[in-house]
Amino acid sequence: MRILFFGDVVGRAGRDAVIAHMPALRERLDPDLTVVNGENSAGGYGVTVKLAEEFFAAGIDVVTLGNHTWDQKELVGTIEQQPRIIRPLNYPEGTPGRGFVLLQARGGRKVLVVNVLLRLFMEPMDDPFAAVDRVLKAHRLGAGQGAGGVDAVLIDMHGEATSEKMIMGHFCDGRASLVVGTHSHVPTADHMVLPKGTAYQSDAGMCGDYDSAIGMKKEIALAKMVRKLPTERLTPAEGEGTVCGCYVETDDRTGLAVRIEPLRVGGRLSQTLPERMQ
Amino acid sequence: MRILFFGDVVGRAGRDAVIAHMPALRERLDPDLTVVNGENSAGGYGVTVKLAEEFFAAGIDVVTLGNHTWDQKELVGTIEQQPRIIRPLNYPEGTPGRGFVLLQARGGRKVLVVNVLLRLFMEPMDDPFAAVDRVLKAHRLGAGQGAGGVDAVLIDMHGEATSEKMIMGHFCDGRASLVVGTHSHVPTADHMVLPKGTAYQSDAGMCGDYDSAIGMKKEIALAKMVRKLPTERLTPAEGEGTVCGCYVETDDRTGLAVRIEPLRVGGRLSQTLPERMQ
Amino acid sequence: MRILFFGDVVGRAGRDAVIAHMPALRERLDPDLTVVNGENSAGGYGVTVKLAEEFFAAGIDVVTLGNHTWDQKELVGTIEQQPRIIRPLNYPEGTPGRGFVLLQARGGRKVLVVNVLLRLFMEPMDDPFAAVDRVLKAHRLGAGQGAGGVDAVLIDMHGEATSEKMIMGHFCDGRASLVVGTHSHVPTADHMVLPKGTAYQSDAGMCGDYDSAIGMKKEIALAKMVRKLPTERLTPAEGEGTVCGCYVETDDRTGLAVRIEPLRVGGRLSQTLPERMQ
Amino acid sequence: MRILFFGDVVGRAGRDAVIAHMPALRERLDPDLTVVNGENSAGGYGVTVKLAEEFFAAGIDVVTLGNHTWDQKELVGTIEQQPRIIRPLNYPEGTPGRGFVLLQARGGRKVLVVNVLLRLFMEPMDDPFAAVDRVLKAHRLGAGQGAGGVDAVLIDMHGEATSEKMIMGHFCDGRASLVVGTHSHVPTADHMVLPKGTAYQSDAGMCGDYDSAIGMKKEIALAKMVRKLPTERLTPAEGEGTVCGCYVETDDRTGLAVRIEPLRVGGRLSQTLPERMQ
């Protein structure tokens, strides 16, 4: 299976970049599953069903979220209309929406997409390891697992600390196709296949303008942090966005990864595309 | 000028990798300045003068530190013997050692190396922006700046949050040759030359074994985080290390960067070398 | 019912103070239940079964814990021998020991004691509100509740932030006899009966030497915080300890509180005893 | 000298309580200096010059602030009009306003009032110990200190962690008349005169409605923390406020404290008044 994942989309610059590059990426990579983290797509703060539907129209299958899940308050009442928008798994019981979604991919293959919030330097949440463990035990990876089996598992772990991210990667190693981080808004260059076959990258990086402070206007962010005086509200930078993410190929028998490659296209970052596109 | 920087060296795996790769890197890159962050080189915790001297013997010019500066208590009494070991600038007044060093490079050129601790999700420290600002005002970048001028400025910002790192990059843009992050132990793929000419990378990545939790044994780290019970002390993973860092070329007239390239060699991460080596 | 609670016992000064004052307190207050937070009783770090048994011998019924639960590693293997040592409820599943205990008090009355860790500015833990809610739903307060009913409920919430503590108080109001905080090591003067009948105090205060930094030697703590250099290990201050806590009387029909009074005896703090002792 | 200090005033309930009780407190205590922390007086968020002037009209001499200093943006432009509103000392250089004020009290006596932000679990700030040390070295306590001498020094340390507060108390012991904490919004019962003569209380407690979450409406605070869904903005609780603070008497020869007593009047907390009023 071929999987494409993009990190946190920040504002219009991020949305425009993703939507502009999707046709070529779809044509040349022909992904079976495309997932984007949308937690900053609505002006930097959350997502709406309307914006998610623009992603779906562009060929994206699932929108994941993070600590900004409810920044657009309307989503509390609308998330359940759209099962392909998922919010982190480890919110309190009774939270609207779901923390994972099971999709039908081409050829009758089943794909599980999970979203989870990590905890170091983040808001208090329920144990992400226990939550992910329960989901993985209910959805065994690989052909021949029977009724509960799935052909691919993608986990978007939304978190700050690289230690916790690497530990989550090892915790899932052999049980997921891809464990990829979001939230730092910077792509990491540690994409690798872990020893038991799970593709891993600490952070996919944001889709947005990198001449900024994690996608937001640098002048405002600098004034806020350095002078500690009130400023105008932080809004997304408006230069050309870079689409950041990764591309993974799995072995259909095992569901495990055979390769992971970074993808950075457009905007200010160094450009790199999967070998399949070159 | 040609500058080589390596991120946090973790334990023996990290030291061995750096020392093993240095001869080829020196020969093929011929750097004017080589700097390494050594805060985890002594079994994961701090550095000693003896270990720093092994780096110097291998051709490294300066060892920087971070939040683990004093993990090896002996350094409190010995750091002043060795001005090429620098500790973060924004420790309290009266702290042994210095936060920057001015070196003589080939051809009479002057190079300033600065180490600073950021503050988000870190221990409380004095304002890194004010501290860096004072140093940069006393050491103007570029030929023709007269007595206080320097030919290159390298800033190792040791910090957790990508927002603060990017803000520091912009804060120094046009006043430093390279602003590079350390501490996350994961290389970022956002190396770029900022609009006013400063080379930037959010994190250089660690030099160590990446089949680990930020360089430490993954089994111990996983047990500690997931089960929350006492474990043995975290010690460095022992597999082959990857040397991670970046390579920068500056314009001798301005001191600004003309290029920045990532470097990852050995071990488990995808390999990449500066074009000059290819 | 008459309930006596003491906050974090710190080191020998704290243990000696508690044990010295217990005979008079027992004689003059005649408590039905006495609980102490013992998380710092073993030289400032955790508790052992042996030390807990000294508390039991002095007439204390239950020892609660907190973030220092496992500082004495032996407790991992021994806590299950002694059900009257309880550890926070919201540790991961599979953690040794239990988060609450149900005791038989005089006259066949049943008493539930619960220990829970709050999360703001603390280590990540599972949701304390959900965890406490489950326990309270399984143990209804007040006579005439049938098989699952209990005559008194005491909750030791171990936490840093006063906001979270007050919210936990209101969350339990009407369902517990006493919700009392620990961990700050300073007694608060906000003891009150909440609108629905639960006695509340944000922090009971430590039992230890208050000429200190939260019970530890002030010179070491000051050097560590101000100079940020390595110091000797923090150890408990050794002056005379103050026993700090609160005294609660409940209505046996409802299990709710009719009064809460602070108790501070010995050492440097202003002295205050329940009216019943005067 | 007689000194009266009140902790964080929260909203109208807090302002009304302070202003209603001031006439009796002034008449019966006859204070030489009265200080209030006003950081939450404007609807829970900051203070305005207009509100500060209501405090001054009621007989208060100085308004201190904290982490909410700039919540009312207008204060950035107006604070310099009113030297008796002070903001924390350890903001970055160039911040409007001042971190201390020197007042003339009755009989030609000089009083220094200082405001400082602590750092544990708070926003990054410059070193509070170094900042306070500089001010105390420039203003020696006690008669006969000559030109730079002052007759009383009051320090409002605005902070979260009791450890840091106690360390600051000892750091200033013998050099200040009173070191009192704010920010936790809960009064502590550890008021004492430290060994070298400085009066100390970890937190003065808020002036506001205690049937709340640190002065804010409990229903909103509970929903926000427990359910983690968007709620309406937190606003102050509106029940009768308790005025919380402390009363200190100093020795005019030394400037050191001879007594410190808590004060709690009105509202839901247990009531206590200085002996002088009884």
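Letters A, B, C and D mark the chains as written, and numbering starts fresh at 1 in each.
To be clear about the criterion, a residue touches a chain if its C-beta (ideal position, glycine included) is under 8 Å from a C-beta of that chain, and two chains touch if they have at least 3 such contacts.
Which protein is which chain? UniProt says A, B, C, D = Metallophosphoesterase.
No experiment lies behind these values; they were computed from the predicted model shown.
Chemist: Counting residue numbers used by both copies over all numbers at the interface, does the subunit A (Metallophosphoesterase)-subunit B (Metallophosphoesterase) contact come out same (over half shared) or different (under half)?
Modeler: same
Chemist: Between B-C and C-D, which chain pair shares more contacting C-beta pairs?
Modeler: Answer by contact count: C-D.
Chemist: Could you grab the centroid distance between subunit B (Metallophosphoesterase) and subunit C (Metallophosphoesterase)? Build each centroid from C-alpha atoms only and quote it in angstrom.
Modeler: 46
Chemist: If you average the Cα atoms of subunit C (Metallophosphoesterase) and of subunit D (Metallophosphoesterase) to get two centres, how far apart are those centres in Å?
Modeler: Roughly 29 Å, centre to centre.
Chemist: Provide the list of subunit B (Metallophosphoesterase) residues touching at least two other chains, using ranges where the numbers run on.
Modeler: 92, 129, 226
Chemist: If we count contacts the way the header does, which residues on subunit D (Metallophosphoesterase) are in touch with subunit A (Metallophosphoesterase) in the complex?
Modeler: That would be residues 70, 73, 76, 91-92, 94-96, 123, 226-230 of subunit D (Metallophosphoesterase).
Chemist: Okay, in this complex, where on subunit D (Metallophosphoesterase) does subunit B (Metallophosphoesterase) touch?
Modeler: By the definition above, subunit D (Metallophosphoesterase) touches subunit B (Metallophosphoesterase) via 92-93, 119-120, 124-127, 129-130.
Chemist: Write out the stretch or stretches of subunit A (Metallophosphoesterase) touching subunit B (Metallophosphoesterase) in their complex.
Modeler: 121, 129, 160-164, 166-167, 170-171, 184-192, 194-195, 202-203, 205, 210-214, 218, 221-222, 225-226, 262, 264, 268-270, 272
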